[in-house]
Amino acid sequence: MVQAINDALRHEMRRDDRVVVLGEDVGKVGGVFRVTQGLWDEFGDDRVVDTPLSEGGIVGAAIGMALYGLVPVPEIQFSDFIYPAYDQIVSELAKLRWRSGGEYPAKMVVRTPVGGGIRGGLYHSQSPESLFIHVAGLKVVCPSNPQDAKGLLIASIRDPDPVLFFEPKRIYRAAKGEVPEGDHTVPIGKAAVVREGRHVTVLAWGAMLYEAVAAADEAKKQGIECEIVDLRTLWPVDVETLVASVKKTGRMVVVHEAPKTCGFGAELVALVNEKAFEHLEAPPVRVCGFDTPFPYTLEMDYLPLAHRILPAVVATAKY
Amino acid sequence: MVQAINDALRHEMRRDDRVVVLGEDVGKVGGVFRVTQGLWDEFGDDRVVDTPLSEGGIVGAAIGMALYGLVPVPEIQFSDFIYPAYDQIVSELAKLRWRSGGEYPAKMVVRTPVGGGIRGGLYHSQSPESLFIHVAGLKVVCPSNPQDAKGLLIASIRDPDPVLFFEPKRIYRAAKGEVPEGDHTVPIGKAAVVREGRHVTVLAWGAMLYEAVAAADEAKKQGIECEIVDLRTLWPVDVETLVASVKKTGRMVVVHEAPKTCGFGAELVALVNEKAFEHLEAPPVRVCGFDTPFPYTLEMDYLPLAHRILPAVVATAKY
Amino acid sequence: MQPLASSSPPLPLGALRDDGSIDPAHAAALSDELAVALYEHMVLARSLDERLIGLQRDGHIASHASAVGEEAAIVGAAAAMHDDDWVFPSSREFAAALWRGMPLAAYAHHCFGTARDAGKGRNAPDPPFWKAARVVSCSPLVGTQIPHAVGVAWAARLRKADVASLVYFGEGATSSADFHTGLNFAGVTRAPVVALCRNNGWAISTPASRQTASANFAIKAVAYGLRGVRVDGADVVAVLSVVRDARARAAAGLGGTLIEAVIPGVERVDPVARMRTHLEARGSWDAGREARLVTEVRADVERAVAEATGAERPGRETLFDDVYADRTWNLKEQSA
Amino acid sequence: MQPLASSSPPLPLGALRDDGSIDPAHAAALSDELAVALYEHMVLARSLDERLIGLQRDGHIASHASAVGEEAAIVGAAAAMHDDDWVFPSSREFAAALWRGMPLAAYAHHCFGTARDAGKGRNAPDPPFWKAARVVSCSPLVGTQIPHAVGVAWAARLRKADVASLVYFGEGATSSADFHTGLNFAGVTRAPVVALCRNNGWAISTPASRQTASANFAIKAVAYGLRGVRVDGADVVAVLSVVRDARARAAAGLGGTLIEAVIPGVERVDPVARMRTHLEARGSWDAGREARLVTEVRADVERAVAEATGAERPGRETLFDDVYADRTWNLKEQSA
């Protein structure tokens, strides 16, 4: 997936010289995960910029660049470090188009690695997506495979609105797959039904998609057919696809790494209530991170892995 | 309500000399809403401190004070200005007890005016509660009347955990009622059933409680009896009371000022699904702020006032 | 406590002398025409300000960030910038927007939040914005606009355009995180930015002495490798001169400047009266012109206020526009 | 570009001379015993560090923030503080915790995240904390601990206790919002804080020259009305002396100090070897003692590592403790 994201950045930077990459250590070394590797060599100091150590400054300055007409793609080194930029993102970036009556949109794509699974502990593992989905004016994307990563990133860069692009770091290298060469976009706002099934809809994204698939494989052995939806875009979520699926199955399980309470899963449950209440044959279930900080040693107990998803799927199917 | 909060602060500051108030303009002038008026005169410069203009600094320094053993009660002048302190609140304050294995808890109460209704526009009207409820380690309180304001604030100051205390500024002066003198606490984590009813449970808090009541009065004329629950503590929410109510009525409407998507209403709907699914006779409905920033001129169109709650209640009751 | 760095003179620079003459070091580029224009604009700003204070007191507008006594700092700086430059106001700089061409009526529509406001009535009054003149939409959040101004200037530098940015803020804003991160980025990128700190001595009720323990505000430039300058903020000619100089240095690639405009307060020095004294000393002004100006300005202000007072409110459906470039499905549902 | 403020000497202060002797200005309070203890502790830190680098490389621990070459700055500063003082580490200061009495094994349990770790295995390695010695639990987030240290010191001052705090951070942290807000609060409150900036020239791959355009890091003190001092960060005696001085001034109500400890890097100057040269010149050290120390330290490190390697993991149910003082209903449900 690292390569696919790198491809997408390079492709867009070649196509459009307004696209600039900035962040901590994104230059010569190519970022701590090497996602921007080689870009500095090709595009130089003016378009691939190592910044001072301030996430607020990175996003704040990028807003200015965007106002001027550039298309900044700032990187936040880990999404756990996005909070110093939270004010600039929610108070400024998200609201600029609206408060200026459409006259001062600030378009950028904030890329940041998300999620657990690399033994990072409290501060290198978080999944803060719902903290941005709640804020009107932002789009939020999270790919689960290299092809989508490339296509969604290119689409995000071309989209007129600010996009938060969460990259599931657990599968940065693990997720493999063919990536189309050259121009390739995946539309923002469209989920993918990665497996059809009759009994339970399972909603997931990013690294947890693979856990959902693993759980579904097990469930299948018990005769339970899961329909797995990879949301891909978290906001605006593809409500049609997910509602259609729940209408078909009557049952839903949503999986995410972030803590359960006020996580995006709650919104998905509420949406399904609003749009498919009569079709629900079982209570929607959330399989999530616990309502605790993210642990170091007990990381694999914390994550909603297949072994936790499976019983939820089975119970929901049998309800 | 301003007076009740002032009472509570004064009471606790007299009782416990570790309690200190700090923030922008909280001293001699007593804050922009005069909530801390007179405290500086009574307790002096060392316990009622005007700080430099930095919310991050206020909370960050207060964390240090709390580590030392004081009980800081920082004020954030408007909750719209809490984002510069977001990193200190979510990354530090909320996680200190946990990450230190219980050895370094940092106890404080962050007070801040919340909500719309004073013609404040985008940046003097927001309701960011769900952005804190999602973060494990914080308690979140929002009173709807002077008596609760006093009792909950005293309880918050004595509670061992960090509390975000949201004060609905629209009713700072409007909300009246007897306030017990002297020591008076209202337990954290307990909702109040402010009106019993058979047909629909209406969940609300803060300033919107009055809108819920007004809508319920109208609904009554149509023969619909609402059970109104004032949550008072948003987190940990009084799940027993609200689930018991929904089990009784089979129907629920939740009202809040914050934008609908990923607001606390979503969590409440999801919780009720988990705990009272079989009792639900109608889809839970959310009557909320829109998924836009908070407007100036159209403020009263934005807020989920009684005229928007009423049709939701009626439709839910008749479902 | 701290000795001053030599780049930051302890006493603010001034240009206007008590007798109305100008220190020759600053006189060079001030034509009669510009001198009169600066004065007229300050009179307009004052008149409008007083009217808005009244409208706010009577509840016709929700709030107003008065700039009485600060007109010289605001107008002088605005006048020093070029047409292609960008201006980032904090809350008190409506006069800068007007100087750059925002019509009076447009500002009135903004204050009243009418349908004809450029911001579609979404913002509480102040600061206004005016796209045609690159006066940017800023929030009332203290300090957040500083990195934006730096980002614009940086982008201009990367694009090799002769464009600078001017950002205004109060001395309270120097305590904000964004002041620090913004100016630190400015130092590192050598972005052509002029950061104008209006030190009026107060942040609401908090005195400058509780805002920071630094010797003054200009000296904070040292922390970012920027130039720091103190100027008399009630002296429009000095501000004009200092900002022009800062802009020229920035454009020449010499980096940004943090300017502390020290505002004595209108009870101590009225910057408008002071400039009138200068115009009189210069022979460009007399009682007749003054009378005409005052009448004209009042009439202009009343016309603008009248226009906005009666104007239509934005329609409810406008709420849902501009959250995104296109309405998302949830906004379509909610707008129904 | 900026001239230096006079409080911040352009060249870092040093105490140890090339011949192993000490500049008499700094020699006064360094007993033989303390000199040896400092050296022994640096040797321990180095040895442990190298072991942890290996453990990290082999995947036994998830990460390790090495302090090789920075021992003098870390240990010297820790040694200058009093027992009642508080210490806030950034990522590289395990040696400060050990100096203050954290047992080696406790640190090993921390790195391995065992059930016997004071943090119950919740944190990735570094920084460790040790409550008994007021070494505080800090996150690896760059800069966030600075206002905490200021808050502790401020509280102590309000309580009229003779307690100061020492906060460590790298030069990269000076760009953070918390550096600014923290030190600005320190200036205003005259909190007795010693802010020790280890300038090792790099923040990951970013050189100090891209971190800021200021002349140096100590000079940033000027922006906060604090004293700024540069010291040779490979000279444990100089660091000790400067931090002691800063602590004394802070305790006397003279306010905080920002100290820039300039780290040349171990390839240029090895602070451990340098101190050994001093001990030898002083006549307090010889080959025999060196050999014994090395053997002893290795054995201690191995014992600690062995103890932690085999230790139990924390039980799953411990996850749900300490989120709050008491488990809330949702945590009770989730722990079931």
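By written order: A, B, C and D. Residues from 1 in each chain.
Everything below uses one rule, namely that a residue touches a chain if its C-beta (ideal position, glycine included) is under 8 Å from a C-beta of that chain, and two chains touch if they have at least 3 such contacts.
In this text the structure is predicted, and so the values were computed from the model without any measurement.
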If a chain touches chain B and chain C alike, it appears here:
A, D
Quick one: how many steps at least from chain B to chain D, stepping chain to touching chain?
1
A-D versus A-C: which interface comes out with more C-beta contact pairs?
A-C
Would you kindly say which chain has the C-alpha centre located farthest from the C-alpha centre of chain C?
D
Quick one: chain A and chain D, Cα centre-to-centre, how many Å?
37
Chain C and chain D have mean C-alpha positions lying a whole-number Å distance apart equal to 44
Roughly how far is chain A from chain C, centre to centre by C-alpha average, rounded to an integer in Å?
40
Between chain B and chain A, distance of the C-alpha-averaged centres to the nearest whole Å:
30
Overlap residues in chain C, where contacts from two or more other chains coincide:
122-123, 139, 141, 175, 177-178, 180-181, 184, 188, 210-212, 323, 328, 330
Listed in rising order, chain B residues that touch 2 or more other chains are 51-52, 54, 56-57, 80, 84, 87, 91, 95, 98-99, 122-123, 136-137, 235, 261, 290-293
Graph shape for the chains shown, where an edge means the two chains touch. Line, ring, star, complete, or other?
complete
List the residues on chain A that touch chain C in their complex, please.
20, 46-47, 51-52, 54, 56-57, 60-70, 84, 87-88, 91-92, 95-105, 136-137, 139, 160-161, 189, 235-236, 239
For the chain C and chain D complex, residues of the former touching the latter:
1-7, 175, 177-181, 184, 187-188, 190, 210-215, 219-226, 255
Hey, which residues of chain D end up touching chain A in the complex?
62-63, 113-114, 121-124, 139-143, 172-173, 175-177, 203-206, 210-212, 313-314, 316, 318-320, 323, 328, 330-331, 334
Residue numbers on chain C that touch chain A, as the complex places them:
86, 117-120, 122-123, 129, 131, 136-137, 139, 141, 144, 146-156, 158-159, 165, 177-178, 180-182, 184-185, 188-189, 321-326, 328-330
Once bound in the complex, which stretches of chain A touch chain D?
24-25, 27-29, 32, 50-54, 56-57, 80-81, 84, 118-124, 260-261, 290-293, 295-298, 301-302
